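Take a look at these structures.
Both complexes shown next keep subunit A, but they swap its partner, so subunit B is in the first and subunit C is in the second.
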Partner chain A sequence: MNLLEVKNLHTSFYTDHGVIPALTGVSFSVKKGEVLGIVGESGCGKSVTSLSILQLLGNKGKINSGSIHFKGQDLTTFSTKKMRKVRGNEISMIFQEPLTSLNPLIRVGKQIEETVLLHKEELSKIEARNHAINMMKMVGIPQAEEKYAYYPHQLSGGMRQRIMIAIALACDPELLIADEPTTALDVTIQEQILGLMKKITRELDTSIILITHDLGVVAEMVDRVVVMYSGQVVEENEVEKFFANPKHPYSKGLIRSTPSIDQEDNLESIKGSVPTPANKPSGCPFHPRCPFAMEICKSQAPENMYYGEEEMVNCWLYKEEVKTS
Partner chain B sequence: MTEAVELKEKHRTTDDQKVLLEVKNLKTYFPIKSGKFKRTTRYVKAVDDVSFYVKKGETLGIVGESGCGKSTTGNSIIRLVEPTSGEVFFNGENIASVKPKDFRPHKKNIQMIFQDPFSSLNPRMHVFDIIAEPLVTHKLYKGKELEKRVVELMEIVGLDPELLHRYPHEFSGGQRQRIGIARAIALNPELIICDEPVSALDVSIQAQVLNLLKRLQKELDLTYVFIAHGIPAVKYVSDRIAVMYMGEIVEVTTNEKLFSNTLHPYTKRLISAVPSTDPTKRTIGDSDAVADELNQEETSDQGCKFAARCPFAQDNCLVDRPKLREYAKGHYVKCHYPLKH
Partner chain C sequence: MKKFIIKRLLELIPVLFIITFVVFVLVYHAGDPVSLMLPEDASQEDREYMRESLGLNDPFIVQYANFVMDITRGNFGTSTRYDMDALPLVIERLPATFELAGAAMLVALAISIPLGIWSANRRNSYVDLFITGGSVLGKAMPNFWLGIMLILLLAVNYQAFPVSGRGTFMHLVLPAITLGTSVAAEMTRLVRSSMLDTLGQDYIRTASSKGVPYVKVVVYHAFRNTLIPVITITTLQLSILVSGAIITESVFQWPGLGMLLVQAVNARDMAVVQASVFIIAILVILINLITDLIYFIIDPRIKHS
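Showing the complex of A and B:
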């Protein structure tokens, strides 16, 4: 059974300028112990997806339809109180910017301890403190006992992100959602943080949803890839198959426009720019930028076409190929 | 003879392509004031004795992590930050020591492209006014001529001239960066300093802007100093690359040699940390995830600044600061024990 199963999720934001559809039919699943990568550019809905799962959309965002099954139960039917028990305990999250997501007035050790006390009521304060220090050691913070009493501003960006990981993993969650966890960090620090996430989640058998715009991070970290564009999933595949043979024209463009260190040829770029959710093009949302766009693409949105259970592409180009295979 | 002079002499004998920009022993220190009377107690050595040259028509990439001084180097050249000491020769004239008034004519020839296209364009000005501003300031065009030139510039950078009277907020990030580029090339400069020109942009847009910069270089005979932290992007556009670490240049050489014949341990570390875009060649997670981060305050004034993180450091690395030296032809490194190949 899948740990998490998102089906046909529609999420909209109700603003003063009207209703903005951020997600229009997102489906994917995460298996136990698996690392799923969600790739896309700004405004494609990858962060809204994670906020929808945790129901942290705020008072303007709303899930219109679809289901989010976690361990067989539909999270969209949960009450606020019940959801609070899930967050941080069974599903936890790491955000992009560790400085703004930590409380600047509370010592970092206390912030880890707080999470532990909230979800593990059977622990005493001293046990919780020891647990917090152990977590700090586990995420590779030197002199953890001493650093326990530090405030966030006394730590570097990489160290803060380690604290965030310690908080996220303190209650041994089954699913960790990491939203651009290394985007604000330097490349050598990124290497360390990614290595750390890989090692710890393997030890604890945690599943991860890794949200990123960086294909390098995807290639290094994930088992399966989901590509999002303009509020929907356009391609899904195993990571090796995805890089060897990307199907959707957007995926192809994304791979070819990312410079790599062994880059020899000229970079190809995707023409135009990413549409905002408020002015989504008709038909297939990628058609104005697509080099292979046909007549049908302008008026009719393609269906999800499946090659197997976990190999999907949302593009008219593959209609015939899928039928005959 | 100083290191920098050596660099220049050697360079002159090997290649007669003209040196457009030469930076010699550039230092930019920021004072830290503390205590009751706010006396200067210490300095942050943002740029600490940096020397390099850029030849006409080439792109010099400056790469390094945040806080290494790469942006301050760019800002010191164009004097957005006043350097503490050192010389900057542009077309043979020392522009670091001239009076601000006398520096003005040079500004025509040195332009800058900034990182964030959202905060570097005045939100209350039309695109036309933004691009025309340098032309008006330097009294080059007027009336119909001015409009013709602005339209021409928009076409060069791939913007629709129809959008002349729009405001910056009506444009996407990539288009805004094009506006910034149009403004930078408006005065036909010889040198453009690009400070992280693509790092705020989406992946599919980054390639567009990088290709545009390459095309303009060919068409307009531009020279670039390309400052960035993204190694693949720097590699894609640069002819030569300088690697900076804590205010110093630790290695400079051609694009090809920096990767095929890496000499400095820090450069090697930096290159190996770049995630590969091939899932069959994963490298992350093989080594221990021990935290080793630089701490500006802990480094002493003695010895090599990288010694504390360097896996090959010897005893003398901690006390004796290495000098930038030419290890192989055109390949400079600041290390006592360069890597063997």
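Showing the complex of A and C:
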């Protein structure tokens, strides 16, 4: 059974300028112990997807339809109170900016301890404190006892992100959602943080949804890839197959616009930018930027075409191929 | 910390020096004190004699130097109205002023903090609209009008409170409400916008993602961060309240600094005016110093920078 199964998820934001459909039918699944990468440009709905899973959309965002099954139970039917028991305990999250994601007025150790006290009610305050310090040791913070009393601004970016990881893993969750966890960090620190995440989650057998726009990170970390564009999934595949043979023109474009060390000519880019949800083009949302766009792409959105369970592409180019296979 | 306090106290000296100068210039140009002190039919010789003996014929710089020298000895001159030293007269009024300012600030905080937080958490709802609208009304309402209305309704009609004066707790209620209302109005809006700003921060989302209940997110994670800008305005307002709530004190015949100052100005009792302004300036500076110390306690980022 899949640990997490998102089916046909529609999420909209209700703003003063009208309703903005951010996700239009997102489906994917995460297996136990698996690392799933969600890639795509800014504004394609990666973060909204992760916030939808935890229902942290604020008072303007709302899940309109679809289901999010976690361990067989549909999270969208959960009450606020029940959902609170899931957050930080069974599913937890790491955010992009470690500086702004930690409360500046609360000692970092306390911020770890808070999660522990919330979800492990059987622990006393002293036990929770010790657990927090152990978590800090686990994520590689030197002199953890001393650093427990530090405020976020006294730590470096990498150390802060380690604290975030300690918070997220403090209650041994089954799923960790990491929303661009290394984008705000130096490359060397990025390497350390990714290595740390890989090591700990393997020890704890935690599944990860890794949201990123860095295909290098995907190649290094991920078992399976989901490519998102304009609020929907356009391709899904195992990571080796994805890099060897990307199907969707958007995936091809993404891979081609990643620099490689022995490249001599100019880097290619995908022309244009992601359409805002408010002015989504007709038909396939990628057709204005697609070098292979056909007549049908302008008027009709393609269906998801499956090559077996694990492989999917949402593009008219493969209509015939799928039929014949 | 100690170094910081000493540094700030040393900064007091040039500020006070400038204040003495401004006060002196104003009084110097406020008219001939001799014509006020002597009867109208005094002769030209008498006037000249008086001027000479008071040192009013000395050059500006000499007069100013004498003034500053006197102040350093705590001597602000004699009140012409009360016929006693000006400084003790002013200091005597301080407890009444502190009492009213403190009570008004309590009223303002008690109203503005809960309403501001409530309003921010129900943004764009009817509650929010009502509270924001109410705060505009509270700000727009003139103090003297509110004071008179309260007296008419609660002191005259229902006789629940005394009309004016100082003494018991009941005397304090109406002036504190009058003075506190406009401060509350302004601070409600500030607490609301500061709370809204804080609720939009990433660390609030982090707290929710940890499974922290919403009420605790607001109280534990958001409130202290909300307070930082609120403290700035609170102390600014407190400075205004302490420097004499002139209108409110006059309406309620409250024997504070504000009423003393108004009466002194009307009577051209310049020694008292000078002493009042000087004491108010010191109070404002001290309040600002205390504010900075509060920041030290509430915001760890300041300590280390």
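Throughout what follows, the second predicted complex is superposed on the first by the 322 of 325 C-alpha atoms of A that agree within 3 Å, B and C clash if a C-alpha of one lies under 4 Å from a C-alpha of the other, contacts with A are read in each partner's own complex, and residues count from 1 in each chain.
To be clear about the criterion, a residue touches a chain if its C-beta (ideal position, glycine included) is under 8 Å from a C-beta of that chain, and two chains touch if they have at least 3 such contacts.
Not measured: the values here are computed from a predicted model.
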First, second, both or neither for A:Val239, with subunit B first and subunit C second: first
Partner chain in contact with A:Met159 - subunit B first, subunit C second, else both or neither: first
Subunit B versus subunit C as contact partner of A:Arg84, first or second or both or neither: second
Subunit B versus subunit C as contact partner of A:Pro142, first or second or both or neither: first
Subunit B versus subunit C as contact partner of A:His119, first or second or both or neither: second
Which superposed partner A:Glu268 touches (first subunit B, second subunit C, both, neither): first
First (subunit B), second (subunit C), both or neither touched by A:Met93: second
Partner chain in contact with A:Gln192 - subunit B first, subunit C second, else both or neither: first
Contacts on subunit A seen with subunit B and repeated with subunit C across the two complexes: none
In the complex, subunit B residues that touch subunit A: 65-66, 172-175, 202-208, 210-211, 229-233, 235-236, 259, 269-280, 282-287, 289-293, 295
Touching residues on subunit A, where the partner in the complex is subunit C: 54, 56, 59, 80, 84-89, 92-93, 95, 97, 100-106, 114-115, 118-119, 151, 153-154, 164, 167
Complex interface listing, subunit C residues touching subunit A: 123, 201-203, 205-214, 221, 224-225, 298-301, 304
Residues of subunit A touching subunit B in the complex: 41-42, 140-142, 156, 158-159, 162, 186-196, 198-199, 213-221, 239-240, 242-243, 253-261, 263, 266-271, 273-274
